[in-house]
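First chain written, first letter: the chains are A, B, C, D, E and F, and each begins at residue 1.
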Amino acid sequence: MSATDSNAVDYRRLVEDRRVHGSLYTDARVFEDELDRIFRRGWVFVGHDSEIANEGDWVTRRLGREPVIMVRAGDGRVHVLANRCAHRGTMLCWQDRGGGRRSFQCSYHGWVFGLDGRLRSLPGRSGFEGALERLDLARPGQVASYRGFVFANQSGDAGPLDDHLGPAGKALIDRALALSPVGRLAIGAGWVGQRVASNWKMWPESDNDGYHLAIAHASLQKAVPGTQYEAALFSPELDNTSQARDHGRGHVELELRSGYDRELAWLGTTRDKVQAYADALAKAHGREMADRLLWDGPPHALIFPNLFLGEMNLAIIQPVGPDETIHYHTPLLLDGVDEALNRRILRQSEAAMGPASFFLPDDAVIAERMQQGWRVDRATADGWVDLGRGVARERRDGGGDGTGDGAGRVGHVSDETTNRGFWRHYRDVMTGRT
Amino acid sequence: MIGLSAEERAEIEAFVFREARLADEADYAGWEALLTDDMHYWVPFGPAGYEAGARMSYINDNRTRLATRLRQLMTGHRHAQTPPSPMRRIISNLELLERTEREYLVAGNFALYELSAQATRELRLWAGRTTWRLRRTDDGLRLCRKVVELVNASEPQWSLAFII
Amino acid sequence: MSATDSNAVDYRRLVEDRRVHGSLYTDARVFEDELDRIFRRGWVFVGHDSEIANEGDWVTRRLGREPVIMVRAGDGRVHVLANRCAHRGTMLCWQDRGGGRRSFQCSYHGWVFGLDGRLRSLPGRSGFEGALERLDLARPGQVASYRGFVFANQSGDAGPLDDHLGPAGKALIDRALALSPVGRLAIGAGWVGQRVASNWKMWPESDNDGYHLAIAHASLQKAVPGTQYEAALFSPELDNTSQARDHGRGHVELELRSGYDRELAWLGTTRDKVQAYADALAKAHGREMADRLLWDGPPHALIFPNLFLGEMNLAIIQPVGPDETIHYHTPLLLDGVDEALNRRILRQSEAAMGPASFFLPDDAVIAERMQQGWRVDRATADGWVDLGRGVARERRDGGGDGTGDGAGRVGHVSDETTNRGFWRHYRDVMTGRT
Amino acid sequence: MIGLSAEERAEIEAFVFREARLADEADYAGWEALLTDDMHYWVPFGPAGYEAGARMSYINDNRTRLATRLRQLMTGHRHAQTPPSPMRRIISNLELLERTEREYLVAGNFALYELSAQATRELRLWAGRTTWRLRRTDDGLRLCRKVVELVNASEPQWSLAFII
Amino acid sequence: MIGLSAEERAEIEAFVFREARLADEADYAGWEALLTDDMHYWVPFGPAGYEAGARMSYINDNRTRLATRLRQLMTGHRHAQTPPSPMRRIISNLELLERTEREYLVAGNFALYELSAQATRELRLWAGRTTWRLRRTDDGLRLCRKVVELVNASEPQWSLAFII
Amino acid sequence: MSATDSNAVDYRRLVEDRRVHGSLYTDARVFEDELDRIFRRGWVFVGHDSEIANEGDWVTRRLGREPVIMVRAGDGRVHVLANRCAHRGTMLCWQDRGGGRRSFQCSYHGWVFGLDGRLRSLPGRSGFEGALERLDLARPGQVASYRGFVFANQSGDAGPLDDHLGPAGKALIDRALALSPVGRLAIGAGWVGQRVASNWKMWPESDNDGYHLAIAHASLQKAVPGTQYEAALFSPELDNTSQARDHGRGHVELELRSGYDRELAWLGTTRDKVQAYADALAKAHGREMADRLLWDGPPHALIFPNLFLGEMNLAIIQPVGPDETIHYHTPLLLDGVDEALNRRILRQSEAAMGPASFFLPDDAVIAERMQQGWRVDRATADGWVDLGRGVARERRDGGGDGTGDGAGRVGHVSDETTNRGFWRHYRDVMTGRT
């Protein structure tokens, strides 16, 4: 019953190993297929449970285009509920977030739902006979979380979250949390959204493209010499020891730590400035591990399809239409550290991402130029995106943490190992091979 | 604006309109020359009812970061503003909120029309309320604080790579 | 040749007796089907002939999306004409209404059409040989009216208007006209339009939903105690004796008269304030009937699909797109009464309907929240609107006027008898069972 | 505005801008305090060239109905304005049309940007011309008539549940 | 506007706002009465940084062609403005650029909202910057040059058959 | 793989000899078909090479919706290149025109392409093995020009440009160039665009419709008596000796020269005012031919599908969507004449075309009224555009220049010979009969 039964798109033909067809960015039927196969039948990131620390805290999200609420119930459990009344579908929450809720009351006829989505009461009870369970709020077929990262799968048949994340996906998340002395996050500074007139897939790509910095972000490099990217991304190709990784399952990474030339480069500071933090890490993990963490910093990676672990940011890639996307981000605030450190992280986040930041608007205009460039007829012969960079020097590799499953590949940080990894998994998903 | 002499009023309006024109015309150096060394430039995420720095903002520039912002624009490689967006901003409803010995706190509403000339070439609208803190210096009035509250500050925004 | 031949929508599956699928509000193909099967192949309300009282008066409307003109010709006859020149289709009238026309001249090449749609003259006659009848303005396949209410059917094969209205539909119109001592209306204060970012079907539903007032219109009840709805709709479920009626054929009603606690409640006044009117009614109908009319007031009912008899208002539900509707209304001004009474009706209309009124904006925001809530994938398992309220206590009934055809059902005013009636007929129409 | 002293001009502008700000910020009580007891608030359906009450209007409030309108908004249950729409209105081109002993008739153009925060969260535009009749009372200037002619008054409108 | 007496300022604003109102209300005769015999009316294609006549312009009317333009509008058969578009323009940020013995050169920003009432009945936006050259004559101020730079002058435009 | 495989549109049924169905102006699937069959598989006008006189001059255009660059290379050759980087498709030029370019550098990863579209260099060469020809910029399958008029065919299988233009098409262009004493144009005053909320096909029609002037442009006739159109188009049907021509292949013409009542009417002047020009023409062509040229003036004709030779203007008809079109125009500036003459031509162009001109806005509002009028269901029985005017008096004719191929037809200037010629060819193209 999907809108694309007829003249189905042939993804095998449009997604080759070394190139993909440009119409995949612009075709409305492709977008509908993606909403169904990737965002409804697959696992997607919803939010982090530290966003809703207390009972009655809630945030709203969209899974594909379907509105949901993520809420903390009285028993401390996190629920992901359809953001539409079980009676006639009226949206229950029309803001981004809130707190102190004991229930959700619908504005149309006043039905009241518990924080667990159960129908609690309704006016004129005598108009209904029998039990009303069938009138609880709908919820995704599967909801699961890993260390506070909440994922959902609408259709319910995507298999376990574990299999979706895989060891590498979990390891990426572990690396982010290891930066907190207590191993916990404190997300909650707000998700700032950047609107872009481009398809959503430009973002998994460019967020993990190590090849574009020297050109696309030349103005930043000129205006702010000595950022963490100087050595890890801007430096000449052959001096540069950072790596591009395909962890399989669509999870891809720019591994910068191997390219850093100093510790704490990722925080744009030095140890003396954050001594308390360094000590706390040492206390928690032992000095050797702490030293390694202060060098390595957070991951720079995509958890397929919509979660970007953007160093000290989390980002959600939200499809809106074939030609429109929202790139949300929030700083990766840490639990168990002093406020000064989190303020530093927040200021860094304001500089890096968001519509007025020093980086993202340049990526956005380029994504919009790609979208303009791909105003093509689907049959255009030459309408291909090249993914070939680094194919020859790319190596098989179990993944950056020795946790890989053999599907891993690693290449030079400027190679399209990441894009190839994304598209390989994309083709599997779109052709039902997952 | 009540509580001002006709001269003061004309002077303040002239300053605000000049500031707008320099920003509209991407004259970054000219615009920077209007600022004091303790300039604070804030575009809050939502209404300005919180401490800048405690939560996310679109822009929360102290003088140093603002200098960086302008320097980046002046490199000529800021793709998001290559070429600079043709734009004009309407400023109206000017009210004097407060005055001290040396400063005037003035607020007004604005609507800015931007041609996103770098890719989509669509006309984009930015609307909201601006608060200016103006200080009288030996070089005349200078801007020491600018706060821009967008009507739709709660919503995702197109690239805001120019001076709003 | 409709845009929906392929992967046709299965309405039998999407419209069940007690629930309907939410995608019916958002699917673009459903909207196209509706324009064809409901608004082109069925009868739709065009306007009331008192809007064009004099020769040369005209108004423009849309049947579905097709523009038409309703005009009064010299012989007093009312014509419904395609609002596009018979030559190349240029729209002839681009305003809402006008008067004093003797003909319509096209702005492109100057062809002149009579008020009856006949081609009267054209420049350069010698460019055409033979007769030009084929170049008269197009018109709907059927146009018919009942007591001044003009209806049209584009395809021409919808059967007689009589069968569409049925005894109950006519009785509803009769009840409205009975409020005029001369049995005539004087529509003409203008149709005010409320734009809503919702599907059109929210409006036949909410206009005839007796369940939502206490919640959706709570602010009105608080701000203006003692309206006519106090007893008839706001009062506690079991005290409330108003009724919800399904008259069959998609015509549904909230019968408030049985719930009123005083006469003239519907006019928000008392007899002494409108004595002249009361006397005129008595003169026309006899005292007993007049007393009954002053108690009962006008109907509150839907004539399927687009005419809402909204007590002292007429409303037209105009589909614009799957996500946009216009709800037009005009006061039900009466012929044969003093101007003061009509001014009272008009002021009441300004308060009740329209974008700045005390009622409609709250219904509009709720309809928009429903539309947001139904941003769902068509295959979403739990995407159902519940219609079950009052199924158990609903009774078969010949209809509120003893004129029913046995198809009638009656329930408590707060029950979804009306919605079920709407959707039952909708399913019949969409599956060709009418 | 010609025909006014600089003080009068400043006073009238300040009033009009304050009136706008109170409406923008959904300060219904503050706004109501600006009104005279014979206030007439009219948003005609089409141009104002007809007798209010003889034909339909979007809004045709005498003081009583306007009080009801504000009371409804203040219940906190007016869904169409829950939450109140963030909005700002630009007021410009102020002209003095007429003055009497106690009253000023002032007109100007406006553009209002509203975030429809209750459901669609889209930015909506309202544009047109406003006429204010201001009366000098012992408590200073008060508003006794406001007429708002929308540029697109002939077209269907989105919900207009706020004070325009 | 600095460099003007309060009277001059009020007089210039009143002129500019009247000019706007007459254009908004399609009072072509009234508007024409504001012009000098050497009036130049220019809407450049792109910024005004070129010699009118050397490249294409949207409008480049000397007094004669402008008279023709108004005459065509007044025939009542100018379909593109039948009926005239209801519209209102916001004029703001007025600055005095230059003054001579007899002339004032004034600039400001504008946003014009037009209901395209002739067919699509959509609200259209026109935004940019206007420069007026005003001359003091025995009949008071007159307009001798009007230059309108659209923010999106580089892009295709809807019909511009009215006086902008 | 086109979006219209299923429920294909039956163009044979919708395009009859004397009428065409209105849905052809509004159906989104028709628009997609046209982009493919007319604008991709057929020849379309790109620009004139005098727009890019010098090495490194470039302009951007759209072939259908695909963005291209027309650029002058170092060897003087003109190239038409896809305006998207061969790497990931980023648009290379986002402005209308420019000059002084030695190459195109992409803003994403900095690849550099020569003015001939060849990949010249890229950062990090070692990321690629082997040759990179496959990464040159894409270009249309065929590009060809006739006397500086550059045409392209994306698919590459449209046959020779010669066959598309035919003798008549070339003769029309020759007539335009003959007005230059050196037989060359100097296009470059800028293409001004008029946006119109109508389908693109209203423009080939109305640009070559001799029937509408007296009504549609009545205001111009009233305000400016004595234009060149007075005799040639406004005069009474039977006095008027201008002709409407169908040259075949979709090329149609309003031949005004036979209707002029004086020489230089088309320039709105007299010989004494442009004596130098007259002498130059005589010098170039001989007096007799010069006199004829001064009488005849330029052609008023369509080169199918998107080039309008609009007397002293060139116009490009640019489809944007089913409901939106841009009508670009630029003055037909001549090489080898004094600047005063070109300034006169430019001023005339400002008066005739563009959004603020005395003509085009009236055509635009009428096109928009047509678009509004054709908001019809595709199945609407009476939704037909009549093309019958002048069928009876139309004559077979070899074409206006004795160069015809027998396909030509000629009729009275006010007859729909031109529209019939356009639609006849349209049907051939849309049904693959070309």
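To be clear about the criterion, contacts are C-beta pairs under 8 Å (C-beta built on N, C-alpha and C of every residue); 3 or more make two chains touch, one makes a residue touch a chain.
Just so it is clear, the model here is predicted, and its values are computed rather than measured.
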{"item": "Contacts common to subunit C and subunit E (chain labels)", "value": "D, F"}
{"item": "CA centroid of subunit A to CA centroid of subunit F, Å", "value": "48"}
{"item": "Interchain centroid distance [CA atoms averaged], subunit B/subunit C, Å", "value": "51"}
{"item": "Chain centre separation in whole Å, for subunit E relative to subunit B (CA means)", "value": "28"}
{"item": "Distance between chain centroids, defined by C-alpha means - subunit A, subunit D (Å)", "value": "46"}
{"item": "Multi-chain contact sites of subunit C, meaning residues that touch two or more partners", "value": "6, 91, 94-95, 107, 216, 365-366, 369, 372"}
{"item": "Of all residues in subunit B, the ones touching two or more other chains", "value": "6, 79, 82, 90, 92, 111, 117-119, 121, 154-155"}
{"item": "Every chain pair meeting the contact rule", "value": "A-B, A-C, A-D, A-F, B-D, B-E, B-F, C-D, C-E, C-F, D-E, E-F"}
{"item": "Parts of subunit B lying in touch with subunit F, wherever the complex brings them together", "value": "79, 82-83, 117-119, 121"}
{"item": "Subunit E-touching residues of subunit C, taken from the complex the two chains share", "value": "91, 94-95, 107"}
{"item": "Residue ranges of subunit D touching subunit E (in the complex, touch as defined)", "value": "1-2, 4, 6, 9, 47, 90, 92-95, 109-111, 125, 127-129, 151-155"}
{"item": "Residue ranges of subunit F touching subunit A (in the complex, touch as defined)", "value": "1-3, 5-6, 35-36, 40, 62, 64-67, 82-92, 94, 106-110, 123-124, 126-129, 134-135, 138-139, 141, 154"}
{"item": "Subunit D to subunit B touching residues, read off their complex", "value": "6, 10-11, 13-14, 17-18, 20-21, 24, 86-92, 111, 113-115, 117, 121, 123"}
